[in-house]
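What follows is chain A paired twice: with chain B in the first complex and chain C in the second.
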Partner chain A sequence: MIAYILWIAVMVLTAPLFLSLIKMIKMWLLFKKPLSPLQGYRDFSKLLSKEVLISQEASAITHIAPYMVLAPLVVVLFLLPPPSAKSFFISFTDAFTLTGLVALSSFFLMLLGLDSASSFGGIGSSREAFISALVEPAMILVIFALSLMAKNLGVAQATINLAHHFPIEHLASFAFAGIAFFILLIAENGRIPVDNPETHLELTMVHEAMILDISGWYLALVESAAAIKFMIFASLFVSFFMPFGMDAPFLVALLIFLLKVAFVAILVALIEVNTAKLRLFKVPNLLGLAIIFAFLSLISYYILGA
Partner chain B sequence: MFTFDTLSLLFVLFLALGVVPNIFYAWGYMDHIERKGHFLVHYLSFILSMLGVVLSNTPLAFLFFWEIMSLTSWQLILANAHEKGTLPAARLYFFMTHFGFVFILLFFLITSDGNLSLSFSELHAIAAHFPYPTLLFFLLVLGFLSKAGVVPMHVWLPYAHPAAPSAVSALMSGVMLKIALYGFLRMLLEVLYPWHLEWGVVVLIIGAISSLIGVLYALSEHDMKALLANHSIENIGIILIAFGMGMIFGSLHLPLLSAFAFIAGLYHIFNHMSFKSLLFMSAGAVLHQTHTKNIEKYGSLIKTMPITAANFLFAAVSISALPPTNGFLSEWMIFQSLLGSSSISDIILKISIPFTVFALALTGGLAIACFVKAFGITFLGLHRSHNAKHAHEVNRLMQIGMLSMAAVVLALMLFAPLFLHLFDDALVPFGLSDITGRITPTFWSIHSIAHNGGVVSPLFLTFALAVVVFALDYAAKLLGVRSRSHRTWACGYRTNAKMQYTATGFAGPIRRFFAWLYRPEVHFHKKTVAGHTTKFTSALYDVHIKPLFEASLYEGTKKALNVISYWVYRLGHFEQVRYGAIIFNLMLSVLFGYRIIAHHFSWATLVLEAVILIASIKILVIGDKE
Partner chain C sequence: MTNFFIGMFLSTLITAMLTTRLYRLIAWYAVNSLFLALAAMSEAVRIQDEAMLISALLTLVLKSALIPYLLKHFAVKFQAERNITPSIKVQYLIILIPAILVFTFYLIDPIIAGAAKNYISLAIASLFLSLVLMIEHRNVFAKVIGFLSLENALFLLAMTATEGMPMLIELGIFVDLLMAVVILNLLFKKEASHV
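Up next, the complex of A and B:
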């Protein structure tokens, strides 16, 4: 139980670190002077000390939505697969619930975008609605395939099953599911081929456009939601697709887990540096690719396995 | 005549949950209705006729109450008859509901051998002797599902439901469509079993297509109530996916999975009743205040109508299948029964079912987009018209109606395991397995029956979300967050209502992606300044979407019927003898057809009768021209 609490605390505390890490690697690769990995914490503490500026046109939704954006993601954090096979986990939830909670968070984020009567907010919400509608089927299909390979839909139990009996005969479907999930990781977190988290140019904004009109404490909540969301997807990716090192003693397992998440962050940074952002109407092609890989994973599982 | 078995009683409970809040709401809505006596008579007899349908035990009583239900709801659509579009909508509804009635009547005539006062349980023996059970199944599909509004028999729904007063729309969309599904389910469970595998696949495909088509047309809709009506098509599709899976598992002898799928379907029936009624009630409240159904004329209503807005938001979260609401729980169960398809041994079927998973998941994603649009454009931002500016909260009775329906939604969400227990109890007497112990071992969690399935716990999720929100709020208090308000930054201009995103614009990317389905008609006019292409004084952008099925299937049928009737008219040529000959031939073909269907079929008689028919048409009708 103590290990569980320690692990949650570590995940919450390191969440901003990995986003800063991505930024740092990108700047370094572009021959810029890299920013400190602690920049995420600095931004957070700066936002805490600032006052909240609320738009006159905004309604109660602006006061509710930031909490509802962060809260489901925090709940998801408590339900994630543990880094060590022996540690405690909450068993009465499953992968559908996790995707549902993530969707609940983005539902309120989209409402936040429409609340301040600014057309930037609308543009962001509209694009987010479009992208997340296409992410949903790929996500559910990947979960379907994984639940077959891991013999359980509960994410924690599934990870432990995978760590103990890795279905080596289904390596093909496993790889397909991995590719599909990685595309989803990029799309859900608004990383480069889908959305550019660094610009404020109306042609490219998705996530940034929705949160343009909030500030201070509320912006801190939404920014930490983004960091936690990356943490959730990265940790799901590493526990499903890199299920090793879980039998080590807890602290070692935790360290291995953090290294794996850092590896995902580096991978994302490399992709960001090497690709251009897609036009909005080309994004469905990428997501279609994810859907096709998810289907391939399921079909190859059925054809080879059963 | 009447039965009080478990399934009927379950639907009596269903009616009670759906109707009681609606009565309060309708009471508050009365000042909006011109012909009050007409409305009350039909409203009450509509409710009583639905009660009659679920309690009747003989085909005669069933058909009687079914017809009363159709006629009263038809009259209720005509409550505000002078409004534009009401008369054609009522006419289409009248036609479609009787189109379905004919097939139900045919089904009962065949399965009861003409004696309509037999009880339903006696029909099974007669139906089992009928040589073409698949024909009976298709009669059921055409009869009941045209009333339930599945694709392609859904065209009346987006016209009829918006035309009725809001209380009635809530009742029709939330309750009446489910009564049609009740009829379908009862006939499947009591009369027409064992099911063939193909029937389940047909129901599954119909369900998947309806859910996708419904949500896609809902997204492109500007009329608030038509949007909700299109969403009913989607949800009926989702329920049918569950029933289809239940039938597939049932015919493959997987009784546990079959029971689970049917329970999921029943649960979604209850859930859809609750949140769709709530949505129609709060949309009706908005309509009551703003006097327009056009979503582009709303905006900012959350400030003046907070209770309506809160109800709409709650129902919107629920219909978008977001946890921890009841809409999520039933969709979760349906996903679980689709996951159960991995226990099927037939490889083709197994590989095809993920396509339904895909359809259902895409439907879920698009539903989220649709309800962000519906809530965001209606209640947030700045008011887009004078009517929206002067709106205020509706009267107390309507508020009671909405809040009590919200309580029903909440009860279905928090006490889901208890309701599942009830659904299982209702289905067990019809030969489905008792799986209560397996799926709800505790009062706070729901377990999947599939071997690779999961667990969900509505109480836990609600509690966890509440704890996190309160903790964050407490943290804000500790930090002493100060706030100040200022107008939205609009790049140096004053923020105004025209700058906001419109509903058309919000759905733009999705409309563009699905342009092959929508085939939108775009009207774009702008007055440019001195030949510049980018500078203009005024611009008008308007998109119209003609539903595909209406444009192809229904218009096509209309054209074909016109051609045929013109041909018959030419044949008849105003000569009595020829008209007589045509009628004689028609009777001949009906009799021959009946002989072929109902009695022993052999190719020799078919050929003989075809020859007689063709010869008599040639000699009597066409004659020797020239």
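Up next, the complex of A and C:
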């Protein structure tokens, strides 16, 4: 029980660290003076001391939405596969629940964008809806392929099965699923080929456009929701596609888990430095690639026989 | 491990089908050949076939280094059009590629049973996919890359279906490929001198 609570606390507390890590690696690779990895926490404490200003046209949604953006993601944190196989709590939740909760969170984010009646918010919301609609089919295919390989629909049990009996004969479909899931990770978190999290240029922004009008405590909530979302996807990625080190003692397993998430963050940073942002209407091509790979994963699983 | 390398072979081929830039297509071809060489190596170690190891090393040197280098060199020399938009739209490719994969699965299913089924099905799928790669481009360089990928897929098929074809035939195909690249160069030189 203590280990479980410790794990959740570590996930919440280190979530901003990894986003700052991505930014730090990017600046370092671009020969800028890198910012400190603690910048995420500084921004958070700065936002806490600021006043909450809300536009006159805004309705009650603006007061509810920031909490509703964060809350489903926090619930998801409790249902994620644990870092250690000997954990006290192994959830029985299937991946559809997780994606549903993540979709609920982005639904409230879209409402938040629409509510302030600024034109940017509308643009951002419509783009977010567009991208998350395209993510959905690939996500479901990847999850099906993984559940078939791990022989369990529940995410937590599936990762433990993978750690204990890795399906070495299905390595090809495993690799396809990994590529597809990584593209989905980038798309859902609004990293560079899909959305640039640092720009405030109206033509390109998706996530930033929806949160332009809020400030202070509400902005801090939405920003930490973004950090936790990255943590959720990175943690799903590492528990599905790097299933090792789960039999170690709890603290060692937790350390290995954090190192694996840091590895994913470094991978994302390298991709961000090396690619240009796609035009919005080219995003379906990238997500189409994800759908193809997910489908390929399922097909090459069936070829070998279940 | 062969399984993984064949998977990466097919995924690089699919990524190559969706690229719209010539130099990136050449780079994907090089990566594709690299994974082919790695698959051949791990298969050669598994069945202990020295001849296959030699063809794998030749693949590594020729197809993943020399031929892409030559193609890039020619593309720079003759100032080839670098923007190669496929004439089949991506929306259609997203339907077409899984359709081909399912088709090859049903093609293979009644014929072969056992562990090699996966490999052979993926190899035939990559044969069809490189055919599509050849069809979908107007640019000569892209067509040549489609042809070379077709050859890669044939190599994969031979390697997985027959546990290594005779090395003499392999060497013949390698020489053929180099000749094809040289002929391409001559063709372009002639065209350039006419202009």
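The working rule: the second predicted complex is superposed on the first by the 304 of 306 C-alpha atoms of A that agree within 3 Å, B and C clash if a C-alpha of one lies under 4 Å from a C-alpha of the other, contacts with A are read in each partner's own complex, and residues count from 1 in each chain.
Following the convention adopted for this analysis, a residue touches a chain if its C-beta (ideal position, glycine included) is under 8 Å from a C-beta of that chain, and two chains touch if they have at least 3 such contacts.
Owing to the predicted nature of the structure, the values given are computational and were not obtained by experimental measurement.
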Practice problem: Look at A:M27 in the shared chain and tell me whether it touches chain B only, chain C only, both, or neither; answer first, second, both or neither. | Solution: neither
Partner touching more residues of chain A, chain B vs chain C, is chain B
- Of the partners chain B and chain C, which touch A:I291 in the superposed model: first, second, both, neither? both
- Go through the superposed model and pick first if A:L6 touches only chain B, second if only chain C, both, or neither. neither
Based on the superposed arrangement, let me know which partner A:L278 touches: chain B (first), chain C (second), both, or neither?
neither
Touching A:L270 in the superposition: chain B (first), chain C (second), both, neither?
neither
For A:A175 in the superposed arrangement: first (chain B), second (chain C), both or neither? second
Thinking of the overlay built on chain A, is A:L255 touched by chain B (first), by chain C (second), by both, or by neither?
neither
**OP:** Give one of first, second, both or neither to describe whether A:Y302 is in contact with chain B, with chain C, with both, or with none.
**Re:** both
Could you say whether A:I61 touches chain B, chain C, both of them, or neither, answering first, second, both or neither?
first
Chain A residues contacting chain B in one complex and chain C in the other 284, 291, 295, 299, 302-303
Chain B contacts chain A in the complex at 300, 302-303, 306, 317, 320-323, 328, 332, 335-336, 338-339, 342, 347, 350-351, 354, 357-358, 360-362, 364-366, 368-369, 371-373, 375-377, 379-382, 445, 448, 451-457, 460-461, 464-465, 468-469, 472-473, 476, 479, 481-490, 495, 497, 499-501, 505-510, 512-513
The residues of chain A that touch chain C in their complex are 168-176, 179, 284-285, 288-289, 291-293, 295-296, 299-300, 302-305
In their shared complex, chain B is touched by residues of chain A numbered 48, 51-61, 67-68, 70-72, 74-75, 78, 91-97, 100-101, 103-104, 106-107, 110-111, 113-119, 121-123, 125-127, 129-130, 132-137, 139-141, 144, 147-148, 150-154, 213, 216-217, 221, 280-281, 284, 291, 295, 298-299, 302-303, 306
Given the complex, residues on chain C that touch chain A span 1, 3-4, 6-8, 10-11, 14-15, 18, 90-91, 93-94, 97-98, 101-102, 105, 108-109, 115, 117-118, 121-122
